[in-house]
Structure formats: structure tokens, C-alpha cells
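Data first, discussion second: the structure below is written as C-alpha cells.
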Amino acid sequence: MKRTAVVTRVINPAALIAEVTSVEVGAISVFLGTVRDTNDGRKVTGLDYSAYTSMAESELSGIADEAEARFGVHSLVVEHRVGELSLGEVSVAIVAAHQHREPAIECARFVIDEIKKRVPIWKREHYADGSRAWVDPTRATEATAL
Amino acid sequence: MKRTAVVTRVINPAALIAEVTSVEVGAISVFLGTVRDTNDGRKVTGLDYSAYTSMAESELSGIADEAEARFGVHSLVVEHRVGELSLGEVSVAIVAAHQHREPAIECARFVIDEIKKRVPIWKREHYADGSRAWVDPTRATEATAL
Amino acid sequence: MSQVTVQLFASYAEAFGASHLKIALDPGSTVDDLVRCIRSLPAAGSLPASPRVAVNRKFASPDKLIGSGDEIALIPPVAGG
Amino acid sequence: MSQVTVQLFASYAEAFGASHLKIALDPGSTVDDLVRCIRSLPAAGSLPASPRVAVNRKFASPDKLIGSGDEIALIPPVAGG
């Protein structure tokens, strides 16, 4: 089972875990990206994500296909949220299930790494002074280490 | 924040995720071990885990200390369940939160690897014919690949 | 001579003050030709030397030919996750 | 000559049909001495050559000296997770 989506609502990790839970799997690996209050040393008060939605959905689906072929996961669910997000909220959730732990963990890592490389989604940070700026990981000092 | 426990009740991953959620972290990595219906090609109908509880708690706590020192995680929660478990239920949950994704993922992996090596907990499989057998990962063919 | 519509997002949409551009291209033009056209526009100063381009929702190489019905977008550095 | 109590778990408890053993040890005995005593018991056939031993809730090396008040346990191959 594989499902990927760009969503505009709150991501519910428990629901995604329930979606992959099965007596056929022994390991579930979950990765959640959440909104931090600091980036590059600057205080962040909130975020908005925007997307080229049709292409983002197509890239997410392609990444899931590759991950399934590479790691043989039993099931994989990926959701990326767009729109306005508050501090502490989940921006992306990846839930991978496999009989064994190593491929489940590696699958979740592969998916988040690929998302950061090639899914057309953009993040704009909101600062305390009311200003906003698009995050460019090709320039940021700290973000490149992410 | 660090918390480790051997528990006899159902593990609630959503509650553990809520426990580590903070505006100071950007990445949460979760590993869940769940009860499969097959092991080494044999149909399993259920499991029970038993533990040398006082030492298991001490080892879990030591592993969490090591993980915190090694990966600098912001927070880490580990629960291992003992007693009778049904198919599909969660036997172990590891939830690690960090500013960045790589140390969060590596921390969760380290903790499950160490648990498998040195926490005195034992698993007995129940089979369809009513028989039960203690799992010995040093002998099993498939389990060693886990 | 045909006209293509190029979708803009995020920082690029902000730079051009628009959600899309209309660009006139000679027949047989490539992604690279398109990028050169766009970079010659007054608002293109903040664009990188080789911005990524998607054709029909896939990243395209500079030598890819552009057809008249193609869905084209200029892709700023992605920052999902 | 002193007596120590050795806790047993899981497959080892099943093998001995008991949750603990009482073993008489000479003063100055080590973990290795204790293991040799236990392996000489009739029910010890299924034990590995060098079962792991915990002293005071920590894995102990074979040369560790055993004191009279120590909490001792024989640890079957662990299978948590």
C-alpha cells in the first residue's frame, strides 16, 4: 500500500501509523518535520508553505515508487502540508512499514532526503517584525546542514 | 527531556510524539516494533514478553543517556511493553526529537539496535497448535537479519 | 514564433510580481533558450544563473525542446520537508 | 563457602524449572566459577557455553569477583524490540 498527498489540513501522525499497521509488518519507521521557532539564528513566528501542487504530487508519488522498489516496504504513506503553519505543527510525515527494521528506517530517510531535493514546495518564514522571507536552502548556512 | 520505561499497558505512539513535540525541534524520528503473524516461516498467533525488569529499566536508561550524549537530541522517549501482546500491537516505541533530521533518525536507529543487543527482555511466540517457544536471535536464521 | 506561458512560484513570483510570464519563442527553442529569454527581462536580476525548469511537471534538461502545448514552470530552490 | 542466589528468566527458568538457583561458592569466586558450577547441574544441558551473567543489574565479565550481597542473574539471549 502506498499513498502520497499534498494536504492543506493538519497532519495526524497517529492516523498515518494506523494506516500502515498490519500483522504482516514488524517495524514502522516514522519521520515528522515540525516547525521550529528559530532558523539560522533568527526567531521565527510562523511559516507558510506553497507548492506547484500538481508537480509536487507527481514527484511525491514518484519518490514513493522508487522507495518501494528500493526497500521493498510493505506500505508507505507520505503527507506534506501546505498553507499557513504554526510553530510546533507537523509539515511533513513519512510512515514506512516493513517486516524488518533496517529497510523501514532507510526508506523513511530516503523519502525525506528526496523531498528536500526535488519536490516543488517552498517555505516562507515569518519574523517577529512582521517581515517574511522565502527560505533558500542553496544559500542558507544552517539549512544546508539539515 | 529523556524518559524510558518498561510498561505493561498498550503503547500510544501519538502520546509519545506529543511528549517530544516542541517549537525547539524540527525533526521527530519514531521507530515502532510491532507483532508480526509470521517468524522464520512459522505462523505466529500471539506473543508474550518477559523481562528482568529492574535491569531492563536500567539498561534502557543507560542507552538513552548514551544516545543523548552521542546525538545531542532535544528529547527522547522509549517504552518497551511486556506481557501478552496481540498481533499488530506495538512492542517497543522510540521517539527522538532534534533540531535537524539526521541526528534524530540516527538516534532512533541506535536505540533500537542497542535494545536488541543488551536489554534483558525475552519474547515467547505462540503458535496455532497451542505450543510456545522462546525466541533466540543468536540461533534463528531470519531473526538475525532483523 | 509561438508564445508559451511560464508559471512562477514563491520567490520567483515575487521577483516578477506575477504568477506567470508570457514568452515568445522561435520554433525549435530549448529550455536553455527559454531561460536566456527570461534572464534578459528587467526583473530577472535575482534569478540564479541556471534556474531549474519543469516541462509537463518534470524537471527538464537545458537541451529539451519546448513544444507549443507544454506546461512550463520555473522552479525556485525547493524548501519542502 | 557462601551461598548466592541466581535469578533465572525465560528459557533458562524453563530449563531449570525454577525462577532461581542457590549456588554454594568458595570465597573469591568469579563469574566464570559460578558459570562452571551452574553448567555442572543436570538441567544445564541447553545452556550455551558462556551464558551472560549480570551482577547488580549490569553485564559482568568472567573474571568479575562475586561478593556475598550481589544480585546475580543468568541472562538468556535477549529478544526485545
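Order of writing sets the labels: A, B, C and D. Residues in every chain begin at 1.
The rule we apply is simple: a residue touches a chain if its C-beta (ideal position, glycine included) is under 8 Å from a C-beta of that chain, and two chains touch if they have at least 3 such contacts.
Since this is a predicted model, take the numbers as computed values, not measurements.
Novice: Enter the minimum step count from chain B to chain C; a value of 1 means the two chains touch.
Specialist: 2
Novice: Which chains lie in contact with each of chain B and chain D?
Specialist: Per touch definition, common to chain B and chain D: zero chains.
Novice: With chain centres defined as C-alpha means, what is the inter-centre distance between chain C and chain D in Å?
Specialist: Using C-alpha averages as centres, the distance is 72 Å.
Novice: Indicate the whole-number Å distance between the mean C-alpha point of chain A and the mean C-alpha point of chain C.
Specialist: 26
Novice: Where the centres are mean C-alpha positions, what is the separation of chain A from chain B, in Å?
Specialist: Centre separation, chain A to chain B: 23 Å.
Novice: Find the geometric centre of each of chain A and chain D from their Cα atoms only, then give the gap between the two centres in Å, rounded to an integer.
Specialist: So the centroids are 49 Å from each other.
Novice: Which parts of chain A, given as residue numbers and ranges, touch two or more other chains?
Specialist: Correct list: 33, 101, 112, 146.
Novice: For chain C, give me the residues that contact two or more of the other chains.
Specialist: 81 - these are the residues of chain C that touch more than one other chain.
Novice: Every pair of chains that touch: which are they?
Specialist: Between chains, contact exists in these pairs: A-B, A-C, B-D.
Novice: If we count contacts the way the header does, which residues on chain B are in touch with chain A in the complex?
Specialist: 13-14, 17, 21-38, 87-88, 99-102, 104-105, 108-109, 112, 145-146
Novice: Mind pulling up the chain D residues that touch chain B in the complex?
Specialist: 7, 9-11, 14, 48, 54, 57-59, 73, 75-81
Novice: Please name which positions on chain A make contact with chain C in the complex.
Specialist: It is residues 33, 49-52, 54-56, 58, 80, 91-92, 112, 115-124, 134-139, 143, 146 of chain A that touch chain C.
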